[in-house]
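Heads up, the next two complexes both have chain A, just with different partners, chain B and then chain C.
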Partner chain A sequence: MARRQFLAILRKDLLTELRTRETLLAMFLFAVLALVVFHYAFDPRGTLDMTPYAGGMLWVVFLFAALLGLNRSFAQEKDEGCLDGLLASPVDRVVVFAAKACANLLFLALVQLLVVPLFTLFFVQHGYAGHAGGIALVVLLADAGIAVLGTLLATLAVNTRARDLLLPIVFLPLVVPLLVAATTATTAIIAEGAGLGAIGGRLLFLGAYDVVFLVAAYGTYDYLLGE
Partner chain B sequence: MSESMRAPVGQDQAEDATIRLASVSVRYRVPRERMASLKEYTIRWIQRRVQYVDFWALEEIDLAVERGEIFGVVGPNGAGKSTLLRVLATLSTPSSGSVRVAGTDPRQDPTPIRRAVGFIAHSPLLYPELTARENLRFYGDLYGVPDAAARSDALLERVELDTRRNDRVRTFSRGMRQRLAIARALLHRPRVLLLDEPHAGLDPHAVDILDGLLAEVRTDHTFVMVTHSLERGLQWATQVIVLAAGEVAYAAPVVGEGGVAQPGAVAPDEMAAACRRAMGGGPEGAC
Partner chain C sequence: MDASVWRRLLSAPALLAEAAVLLLGGFLLAFWYAPTDASSMGFSQKIFYFHTPIAECALVAYAVAFVAGVLYLRQQDAKYDRLGLAAVRLGLVFSLLVMGTGMIWGKAAWGTWWAWEPRLTTFLIACVLYAAYFVVRSTVEDEDRRATFAAVYAIIAFVDVPITFFATRYLPEGLHPVVFTSSGTGMAGSMLVAFLVSMAGMTLLLAGLIRLDVHVQELRLELEEFKRSLERGPL
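Up next is the complex of A and B:
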């Protein structure tokens, strides 16, 4: 039953996004434009090796692109009054959270798939294909943290009048530790060719971060999604 | 067709389709003065100048609705009618008092109530980018309806939307959305139906469809129907209360010929007068 409900909410969110393309288009355009701005702001002549700073730029872009998507994740439910329909049904609130977080994770991953080649073109002067596994692991763990924390806080913000303003204000300070771990791990891989052993501590931190906020969501979501 | 609309009736269901409210109050804390903006509110909150007052959306409400009864709730805007429905639908938690819907206290476990209740809210609770059928399938999955596809098709036919089943809801008129909302509310064969102005936005033909559906399921279900119109409430209800400012201004069974409670009776003068008082003397024809 919970699986059927989870898949129904996830399918509904994906189908809605497939038809409107509001969130994905906004996230993708923002990410591309941010990369272009970074390129012209830091290295307009194209002479510098930006590889040591590439990890930081990449995660700043991903983080703000994710914020755009997170802001939208409950907006439609609220705007169309559908949140009451969801809450009046016999769905465990944790199932709602899991489905929403998965949808946010998928949207972010899709944007990353499209943006990373452009990012490599703009900012990375030597290939890092040999470290794709390490990069993928960092991205997966960091994305999970962004989706879990972001969905939790988007739920908190949805019942407030200024939800578009509130979400970044509470999300960004809390996501800084994740940003630091993801940035240093990514930079170590891209710039220094570090292996999994060298970034093991940061991977562990990212995993622990995900678990902490998953537990927080499990414990508080019923309350957060209520009145 | 009508048989497929009905929930299977059993002894357990007969006992579990009742509603009991005892001294139920819902209180919100609101700023004493209306703030022009969030900025003003924030500044005054930092300066500790925001004073809060208690706003009682519902105050000391008692009611008992038996299986098969239609309970009408009449009152003006802001009387607490929708708050009452939200309490019964487990969307709002009372500040005090006890609630039992379908034999269950929502504070102990709201899930059985959510399974038992069908809710037609003020907004249709439909996703505009999904088709009519996808919306019903979505809610069918949430409620675990075993024959969701067949049931959705039957209900779409019943509300005369079968030719539009694959159209997105955003292309529907207000009346069509309301008809689809009725199908959504009946999809999981609820034992208790909560109706918030169900006739709003419907043309006469759609009103006939809704009334036909309600007539088909009325013997198996317990209804709570919120309406601005006492006439509409009396057309269906076996009991009517008039709510004003969160309190029951008047309550009585609808008494027909021979003193037997039955729907469709003429409003007692006292009830009409209470309704007019609650409405503040208007609007014309409401009471």
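Up next is the complex of A and C:
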């Protein structure tokens, strides 16, 4: 039962997005523009090797792109009264949370799939194809944390007067540890060619972060959605 | 001692008076009883008698806000919301003081006002984190909902603080494991006495200020109530 409800909500989110493509397009264009700005901010003459800064640039872009998507994911629900409909239906709140988090994760991953090759083309001067698996693992674990924490806080933000203004204020300081881990791991892989063994600690940390906030979300989500 | 004596000892004015005595004692002990540190830190080490207790109190305040948040969600009693608000407010003040005293010490010890040292960084992020608590509160009008959101936020924020400390301390180093080198656990006995007195005084100060804050909030509520009854006019 819960599985069908989960899939129904997820399908609804994906369908709405595929019909308009508003959110994905905004996230992608923002990411590309940010990369251009990074080039002119750090290396306007195109003479420096930017690989040591790769992780930082990449995760700043991902984080802000994710914020765009997270804000949209609930603003639409709220505007059209869809959220009220969801809450009135006999669906467990946890299922709503899981479906929304999964949709947010998918959107972010899709944008990353397009942005990472572009980023590599622009800024990375040596290949790291052999480490693609490591990068994918870091991205996936960090995305899960962003989606879980982001969905939780987006629910909080959309129910306040400040709405989309509030999300970055509460989300960014909470996500700092994840950002530190993901950034250093990404840089270690791209710039130093570090293998899975060398970034194992950070992968473990990212996984633990995901689990901790999953538990926190499970414990508090009911209260955020209200009656 | 019976309960009423305890209650009197733990009232806000009593707590603040006790704190004043202990803090003054700690101050005197730190400067005139404890020896000047033998290491290169010398006189600047004295700030530890205040800096560390303040840091401990900031974390205790956040822990109180966490517990108050959990209790509020469980019992939906507004008194826990008031307690949580008071605790976060004081935690934030103490955090700012930690950063201030930390920077003064950094200037004396390392010759720079700011270093990306894990503890200092963690408190910086904690300041941003708990400042946002007030933004959350100010953007919700309904009282019950505001209390609920504040409680959820205080819980999540408190979970994040140790994670931030861990991340800033152990992750950037990368391949090399950090070996914790304690800078002198062998504190001289007289130093320890001064430190503990100062610590106790600071903790009582925090407790007294939290009680005072809660009391002020209650008075404000009563005042509102009174105003409303006046507006309704004489019976």
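Basically, the second predicted complex is superposed on the first by the 226 of 227 C-alpha atoms of A that agree within 3 Å, B and C clash if a C-alpha of one lies under 4 Å from a C-alpha of the other, contacts with A are read in each partner's own complex, and residues count from 1 in each chain.
As a working rule, contacts are C-beta pairs under 8 Å (C-beta built on N, C-alpha and C of every residue); 3 or more make two chains touch, one makes a residue touch a chain.
All of these numbers come straight from a predicted model, not from anything done at the bench.
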item	value
Touching partner for A:Gln5 - first (chain B), second (chain C), both, neither	first
Which superposed partner A:Leu86 touches (first chain B, second chain C, both, neither)	first
Touched partner set for A:Thr184, first chain B, second chain C, both or neither	second
First (chain B), second (chain C), both or neither touched by A:Gly226	both
First (chain B), second (chain C), both or neither touched by A:Thr16	first
Contacts of A:Asp49 with chain B and chain C, given as first, second, both or neither	neither
Contacts of A:Asp164 with chain B and chain C, given as first, second, both or neither	neither
Common ground on chain A, meaning residues reached by chain C in one complex and by chain B in the other	161-162, 226
For the chain C and chain A complex, residues of the former touching the latter	73, 125, 128-129, 132, 135-136, 139-141, 145, 148-149, 151-153, 155-157, 159-160, 163-164, 166-168, 170-172, 174-175
Partner chain B, residues of chain A touching it in the complex	1, 4-5, 7-9, 11-12, 15-16, 19-20, 76, 80-82, 84-91, 161-162, 165, 226-227
Contact set on chain B toward chain A in their complex	38, 89-93, 111-112, 114-115, 117, 119, 121-130, 134, 137-139, 141-144, 168, 184
Chain A to chain C touching residues, read off their complex	152, 156, 159-162, 166, 169-170, 172-174, 176-178, 180-181, 184, 188, 194, 198, 201-202, 205, 209, 212-213, 216, 219-220, 223-224, 226
